[in-house]
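Got some structures for you, see below.
Next, two complexes with subunit A in common: one pairs it with subunit B, the other with subunit C.
Right after this comes the complex of A and B.
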């Protein structure tokens, strides 16, 4: 079960700097750990995150094994027009999740 | 002669001192009680305060989905009997662990969910600390957020509270420590850089940054018992439930914070 929590302001004035906060449920298994019997626990992480604002990519991040479980990513952008933010997380073992949030800009 | 007088005086003072300060640990005064939240750094408090940054909310979301999902041979969902949890589960977590009449002993919220699964959904119990059980427990407990902790005070429950209190006060394990030696006597100090805190279980199940996961109160209790190098108990053991019950009576009146975040 994957769940995302997104925090985007519902309303903003044109030109405002807004903060976007995202939280994605993921174990972020590093691949460096071993079980009690000595077997390596295979790596299972999110490898990339991106955010598009009305289709245009405004933020992208690569994620690595040192990042904690359930990664929380926050960033800023300028509210230019009303519309939609699309978020995408891609990871190992075919992990792929999307979420979206809308904003109205006056 | 003078030496003897000094010794006698010292002994008298000792007797007088013991009369004023009772031997052994004293429970924390009601108005001095503090949630673990108040011991945290502002950065960690900010994670708990913001529902879109609070990692425990991921489990609450999962729990909400599970609440509506059919399960077991009876093919029923929690919502089929209990309807909207926002109304039906409000205040429930505040009075757990609670007495189960059929079993004749108190059960915690996780055990109540599994009993409900067995009795009404004809479903197998969810393993302790499994994501699904933590999610359902967190979802149910979150409905009581901000409400005062109020475990039952019936005569039937009293012996169990008393046994939990005995456990808390009793020295045990290779380090010969009781819970009380840290959490009543030294809660204002630090242990290896971490705040000792008062053992007020106000926010369980909670997200521990150290665990990188949500975890139950019993997980925390088992950690502490291992730390004392004492004989541990299995999840769901009556001893742990009694201890939970005592901890909740100790935190009576304090607001529920579920899902809390701790370092």
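Right after this comes the complex of A and C.
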């Protein structure tokens, strides 16, 4: 069910600062909501997001219930070499998703 | 014919815009007069303490962009940037965002490095109430810098009932 949307430029010049945009579909249930009968809806969120560039971690985020549903995160990196970005989302109830994108650097 | 005090559409819209305008103005004032971290509610202060330790947090360098008037607290765009050269010796290590009135004081922690090139992060957050948001950046030299902004929320997030 889970689906990731990744936006990474396909090409870049060496040394360019590029923006990486990511979106993961997830309910991000806060654990603070109640049903009409008064029961607490248990927390179900993504707690961690990371991005590796050719194996080296370049960005990591700890997420809390205050992050909106379908977490959107954008950040920057310097295009150093052609290769692959690996993205990973980890969350409650064993949630784990990965995605990747490649870039060619001239 | 209309009665003199009938709630016409024009009058309603006029009143609403007037309210929104004054709310936005009220939200804009504290942005200029930044309060020290100690003046915020306890839970946020202690959450900040766990990140910062005993170091002092200076105001500046960080730019926190959130719309001052938010219609729907369930998804609020947030953009944090830090003025930093992002070189191997002088870069932003992490950015931490805190809130005052959500059930939990943390919003998110973002860990960067010199490879980021630009110290800027965007995401979408939830706000349970009109409140103050603080972003704190940890620099590579161990110093902490912050920015805060007041946000007015008309529809709150997080705690509403599920159908």
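The working rule: the second predicted complex is superposed on the first by the 106 of 106 C-alpha atoms of A that agree within 3 Å, B and C clash if a C-alpha of one lies under 4 Å from a C-alpha of the other, contacts with A are read in each partner's own complex, and residues count from 1 in each chain.
The definition used in the following text is that a contact is a pair of C-beta atoms (placed from the backbone, for glycine too) under 8 Å apart; a residue touches a chain by one contact, two chains touch by 3 or more.
Computed from a predicted structure; not experimentally measured.
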Next on the checklist: With both complexes overlaid on chain A, does A:25 touch subunit B (first), subunit C (second), both or neither?
Outcome noted: first
Checklist entry - Which partner, subunit B or subunit C, is in contact with more residues of subunit A? => result C
Checklist entry - Touching A:72 in the superposition: subunit B (first), subunit C (second), both, neither? => result both
Checklist entry - So, does A:7 touch the first partner subunit B, the second partner subunit C, both, or neither? => result first
Checklist entry - Which partner does A:60 contact after superposing on A: first (subunit B), second (subunit C), both, neither? => result second
Checklist entry - Looking at subunit A, which of its residues have contacts with both subunit B and subunit C? => result 68-69, 72
Checklist outcome for this item: Listed in rising order, subunit A residues that touch subunit B in their complex are 1, 3, 5-7, 21, 23, 25, 27-28, 68-70, 72
Next on the checklist: Can you tell me which positions in subunit B touch subunit A when the two form their complex?
Outcome noted: 50-53, 55, 57-58, 61-62, 65, 131, 135, 209, 212-213
Checklist outcome for this item: So, in the complex, the side of subunit A touching subunit C is made of residues 17-18, 30, 32-36, 41, 53, 56, 58-69, 71-78, 80
Item to check | Complex contacts: residues of subunit C adjacent to subunit A | outcome: 74-76, 99, 102-104, 106-113, 115-127, 157-163
